[in-house]
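Two complexes are shown next, each including chain A; its partner changes from chain B in the first to chain C in the second.
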Partner chain A sequence: MNEKVKAKVKELLASGRIKGFWGLRTMQGNIGPFLFSSPDDLDELVVGDRERPGDTRYPLNKLLVNLARCYPEEVFGVLVRGCDERGLKTLYSWNQLNPEKVVPVGIACPQELAEACECLKPFPDEFVAGEKAEGSEFVSVANVESLSLESRLEHWLDQFAKCIKCYGCRDICPVCFCKECTLEKDDFIHTGDLPPENPIFHLTRAVHMAGRCIDCGLCNEACPADIPLRTLYKKVADIIDEEFHYRPGYGDPKEKSPLNILGEAPKH
Partner chain B sequence: MDYRTVLTTCAYCGCGCGLYLEVLDGRVVNTIPCKTTPVNEGKLCVKGWNIHEFIHSPNRLTRPLIRKNGALTEASWEEALDYTAGRLWEIKEKHGSDSLAFLASAKVTNEENYLIQKFARAAVGTNNVDHCARL
Partner chain C sequence: MTTKRIAVMKQLLAFTGIEQDRLQLEWVSAAEGPKFAQAITEFTNLIKALGPSRLKVAA
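Presenting the complex of A and B:
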C-alpha cells in the first residue's frame, strides 16, 4: 500500500503538479501528519495502519484547510480514504476549499476497517492502492434503537455525563470550521459546568453536524471519555437522509447541504 | 512556505501527553494530539488542545517584573534575582524558615523540580514544598 502511494506522490511532486503533499510519516517512532514537499522525503511515508488498519488516522483535510487559507494560490495533494474524500467534497460544497487547488491521492480501506467503522463507502471514487471492501450497516445505531425510549435516553444521559468538555470532538473534526462555536457561547449552553449541560451540549453539536458529518469517526477516537459520538452522528445522518435524501460527501460537491438552502419543509 | 508538524510533550501538567505542534512559517498555529504516544493515545484535555496559544500570546511575560511603588516595572534578571534572594533571606531571618513555601511546577523538568525541593529543604530549611496545581 505504502509503495503505491509513494510512487504516486513522487510523480506529483517531481512534475511540479503539487507544491506539497499532506500525508502521514513515521517520526521519532511515532506516526503523525506531515507535509511532504520533496520527492526525497518519501521514504518514511505511511498510510496510517500501524498495528491495525487505520489505527493512526489524522484529520489531514483540516491541516490542508489551514494551509490553503494562507496559500490560496498553491495546489496541494492529500492522502484520502473514503471518509476523507467525503470530507473534501463537503468542504468544497461549504466553500472552505477550492477543488482546483487540491489533488487527492486515494486508498481503499480493508474489510476489517470498513466493519469496525460501520462505513457505507470504505473507498474514495478513485484510489491508487487497496481493494474495494463492502460497505457496512450502522449496527451500533440499530443496537441503541433496540432499547426502549426510556432506556435510550438513560443510555445517552449516562454517556454524556462522562464528558470532560475538552472540545476535542470539535477540534479534531475535519468539517468543523466555524469561526465562532455555539459550544462556547454562554447564551446557549452553561459553559462553566462540568460535565457541560447535559444533554444540550451534545445535542447541540449533533444538530450542528447534521448535513455536515462525513462519518470519519475521528471525534470518537479523540474522546477521552469514550463517548460513542460516532453512533450519535450516524443517527443524525440517517435522519437527514430520510428527510432530505442527502448524505454529505457522497454526491456531487456542487450540491448544497439541504440545511444551507431555504426550501420546502418536510411534510409531516 | 515552511509548514512543520513538531512532536513534543504537553507542558501543562505532569501527565506527559504527546502532541504535534503545527508550525507555519515560524509561528505555532495549532495542536494535534499524537495517536501513537502511549500516555494519551490521540486524546488531550482542553488545556492541551490549546497549548499553542500561549506561545505567541502578547500577555506572556518576557522580562522579569518587580513591583515598585505599587506598579509592576521591568527589571533585569540580575536585579530580579538579587531582589528575590534578598527578600527570601530577610523573611527567613525575621520569621523563620517555615514562614516560606515553595511551589514546584509541572512545566519544568524533573531535575528542576528536584532542585527546588533541595533548595527549600537544604538551603532554606523548610519542608513547605507543594505542587503548582494547588496554587
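Presenting the complex of A and C:
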C-alpha cells in the first residue's frame, strides 16, 4: 500500500503537477500529517495503518482547505480514503475548495475496516492501492431504533452526559468550516455548563451537520468520552437521504445540499 | 428552508427519544388572529395529552 502511494506521489511531484502533497508520515514512532514537497523525500510516507488498517487517520482535507486559502493558485495532492473523498466533494460543493486545484491520491479500505466503520462506500472513485471492499449497513443505527422511545432518551442522555466539551469532535471535522460556531454562542447554548446543555449541545451539532456529514467517523475517534457520535450523525445522514434523496459526498459535487438551497419540499 | 429543517429535526428527536409531536410548525400571518389562537389551542391540548416531557423529569 505505502509503496504504491509513494510511487504515485513521486510521479506527481517530479512532473510538477502538484506543488505539495498532504499525506501521513512516521515521526519518532508515531504517525502524523505531513506536507511532502520533494519527490526525493518520500521515504517516511505511510497511509496510516499502524497496528490495524486505518487506525491512524487525520482530517487531511481540512488541512488542505487551510493551505489552499494561503496558496489559492497552487495545485496540491492529498491522500484520500473513501470518506476523505466524500469530504473533498462536499467541500467543493460548499465552495470551500476548488476541485481544479486538488489532485486526490486514493486508497481503498479493507473489509475489516469497512465493517468497523459501517461504511457504505469504503473506497474512493479512483485508487492506486488496496482493493474494493463491500459496503456495510448502519447496524448501530438499527440497534438504537430497536429501543423504545423511553430507552432511546435514556441512552442518549447518559452518553451526552459524559461530554467534557473539548470541542474535539468539531475541531477534527473536515466539513466543519463555519467561521463562527453556534456551539460557542451563549444565546443558543449556555457556554459555561459542564456537561454542556444536554441534549441541546449535541442535537445542535447534529442538525448543523445535516447535509454535510460524510460519515468519516473522525469525531467518534477523537472523542475522549467515547460518545457514539457517529451513530447519531449516521442517522442524520439517513434522514437527509430519505427526505431529499441526497447523501453528501456520494454524488456529483455540483449537486448542492438540500439544506443549502430551497429546492424541493421534504417527503414527510 | 424552515419546512425542511423541521422535517429533519422531528425525525432526529424521535431517534433520540423525544416525541416528535412536541415540535410543530405553523404559518400564521399577523392578520390571522383566530388562526393563531386555534393553532396555539390545538398545540396546548396536544402537549397536555403527551404529559410532561421525560427530559424535564430527568433534569
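The criterion applied here is as follows: the second predicted complex is superposed on the first by the 265 of 268 C-alpha atoms of A that agree within 3 Å, B and C clash if a C-alpha of one lies under 4 Å from a C-alpha of the other, contacts with A are read in each partner's own complex, and residues count from 1 in each chain.
Just so we're on the same page, contacts are C-beta pairs under 8 Å (C-beta built on N, C-alpha and C of every residue); 3 or more make two chains touch, one makes a residue touch a chain.
Just so you know, these numbers come straight off a predicted model, no measurement behind them.
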{"item": "Which of chain B and chain C A:Tyr71 touches, first, second, both or neither", "value": "first"}
{"item": "Which superposed partner A:Lys235 touches (first chain B, second chain C, both, neither)", "value": "second"}
{"item": "First, second, both or neither for A:Leu259, with chain B first and chain C second", "value": "second"}
{"item": "Touching partner for A:Leu203 - first (chain B), second (chain C), both, neither", "value": "second"}
{"item": "Touching partner for A:Val144 - first (chain B), second (chain C), both, neither", "value": "second"}
{"item": "Partner chain in contact with A:Ile31 - chain B first, chain C second, else both or neither", "value": "first"}
{"item": "Touching partner for A:Ala116 - first (chain B), second (chain C), both, neither", "value": "neither"}
{"item": "Touching both chain B and chain C, residues of chain A", "value": "none"}
{"item": "Touch list for chain A against partner chain B, complex", "value": "19-20, 27-35, 37, 50, 55-59, 63, 66-67, 70-71, 74, 164-168, 171-172, 221-224"}
{"item": "Residue ranges of chain C touching chain A (in the complex, touch as defined)", "value": "1, 3-5, 7-19, 54-55, 58"}
{"item": "Footprint of chain C on chain A - complex, ascending", "value": "144-145, 147, 149-157, 199, 203, 206-207, 210, 232, 235-236, 239-240, 242-244, 258-259, 262, 265-268"}
{"item": "Chain B - residues contacting chain A, complex", "value": "1, 3-5, 7, 18, 20, 22, 24-25, 29-30, 32-37, 40, 42-46, 48-49"}
